[in-house]
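The chains carry the letters A, B, C and D, assigned in the order they are written, with residues numbered from 1 in each.
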Amino acid sequence: MELTLEEAKKVVAGAEAKAAEIGVPMNIAVVDVGGNSMASERMDKAWLGSINIAINKGFTAVAFNMTTEDLGKASQPEQSLFGIHASNDGRLIIFGGGIPLRKNGVLVGAIGVSGGAVPEDIEVAEAGVKDFK
Amino acid sequence: MELTLEEAKKVVAGAEAKAAEIGVPMNIAVVDVGGNSMASERMDKAWLGSINIAINKGFTAVAFNMTTEDLGKASQPEQSLFGIHASNDGRLIIFGGGIPLRKNGVLVGAIGVSGGAVPEDIEVAEAGVKDFK
Amino acid sequence: MELTLEEAKKVVAGAEAKAAEIGVPMNIAVVDVGGNSMASERMDKAWLGSINIAINKGFTAVAFNMTTEDLGKASQPEQSLFGIHASNDGRLIIFGGGIPLRKNGVLVGAIGVSGGAVPEDIEVAEAGVKDFK
Amino acid sequence: MELTLEEAKKVVAGAEAKAAEIGVPMNIAVVDVGGNSMASERMDKAWLGSINIAINKGFTAVAFNMTTEDLGKASQPEQSLFGIHASNDGRLIIFGGGIPLRKNGVLVGAIGVSGGAVPEDIEVAEAGVKDFK
């Protein structure tokens, strides 16, 4: 089971539609199961600093097969994984907006969204995933 | 004058259509005048190693306001810019496939294409630019 | 006193057997006294993000001649070494799963394990060390 | 079609046997189709500097679906891809010793070997591939 570019674009489009709806320009990326970028875009006026974060939220969600939000909970000070964000050459993002993509329960990739407040990033990422299912 | 995401996507789509026509799966990227990624995609079965190269061909074409092919000519051993490929944190690509995008002669961004033989990369990048003009 | 590849493989095999027993696919690595990788493996379906962490738990355990768990205790906010995880080019891991390997009390290398909850990582790493002694 | 750890270990073992036969200690690595490390080992007395090169030969062979030897031919001064070795964050190796692994013609990963003269690296890598087929 592999993710195709056509599927990846649909995920991006679903997220973009939600970002437009809530009026927050976003960086949106989809990575494959190897953590490699398949499709990414920056909406007009979206933050430059979020290009890297969107792709790396996707990478992180694939790398640990969980949302970046969940990884973040375990990575706070005094929690079990505190410090993990400095590993993997700085590619791990430990706040919400990265969500695994699965086919019949099998990990095939992930979406990463960055550009707004974290709850907005999550809402937009979820919209992309919803279209995938 | 700025490049919009809609314009960037048209450039990518024009390139993708040509890549499909010649039957070579490509990585295609468009960067803005700041050298930052706006849109990128990897066609199914395109080389993983070309994700980085496509974006950086775009970066390079913006960074020196010339095609990567032209920069490459000046960067061979014994030529005036030999060694430049190791600068800019390894982001400069010195072979064809990166082309500046201009509006009324003003630089607004660039396309970068990687995934085939260099003449194929150039052909596909030119197809993207053609649609832009 | 040096660690041989044969010994390193035994350590890895001991850890792998424990990981299989508890049903958690792991990344397992052994590094030498110079902190350099000797043997590493990723069990089927183990997290991609743990490849880097397993090797670097080994590096960290050698680098400070203590378990990563112990280093982690001193590296929490308000503790004496807080911030150390950003040093060494991001190679230090400050939670459990990295354990020094010693011969007659002399440091010869370390094992690093990553792929489950931290107590699972520690359990698997200890199984590898046990086989070494 | 995926590469399993058991298969990866067989490839490594086949290469190690050849390295022992010719008396040259090697670093040997196998990466999956996403370019991520699956198994690696450093034989006793093998060069430290080859740990990185072995893994990155594997990465390179997957990234362009060709041997590093073939990529190297196109990457010499005045050839079409000159300068490519500075891309991909310095992970591309453009001399022999990296060979794709295929199942029924489909790319599933690659082996990378480093530690001797390049013809020795190639010989050892080919021995690993032979056992895979």
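Quick note on the criterion: a residue touches a chain if its C-beta (ideal position, glycine included) is under 8 Å from a C-beta of that chain, and two chains touch if they have at least 3 such contacts.
Owing to the predicted nature of the structure, the values given are computational and were not obtained by experimental measurement.
Note: Cα superposition of chain C onto chain D, rotation of 180 degrees, nearest 5.
Seen from the C-alpha centroid of chain C, the farthest chain centroid is that of B. Interface comparison, B-D versus A-B: the higher count of C-beta contacts falls to B-D. Averaged C-alpha coordinates put the centre of chain A at 25 Å from the centre of chain B. Between chain B and chain D, the centres computed from C-alpha atoms are 29 Å apart.
Multi-chain contact residues of chain C (touching two or more other chains): 48.
With chains as nodes and touching pairs as edges, the resulting graph is of another kind, matching none of line, ring, star or complete.
Across the whole structure, chains are in contact as follows: A-B, A-C, A-D, B-D, C-D.
The touching residues of chain A, counted against chain D in their complex, run 32-36.
Every residue of chain A that touches chain B in the complex is listed here, in rising order: 4-5, 8-9, 34, 36-44, 48, 51. Chain A meets chain C in the complex at residues 34-35, 60, 62-65, 77-78, 80-84, 86-90, 92.
Chain C meets chain A in the complex at residues 47-50, 52-53, 56, 72, 75-77, 85-86, 90, 92-95, 117-118.
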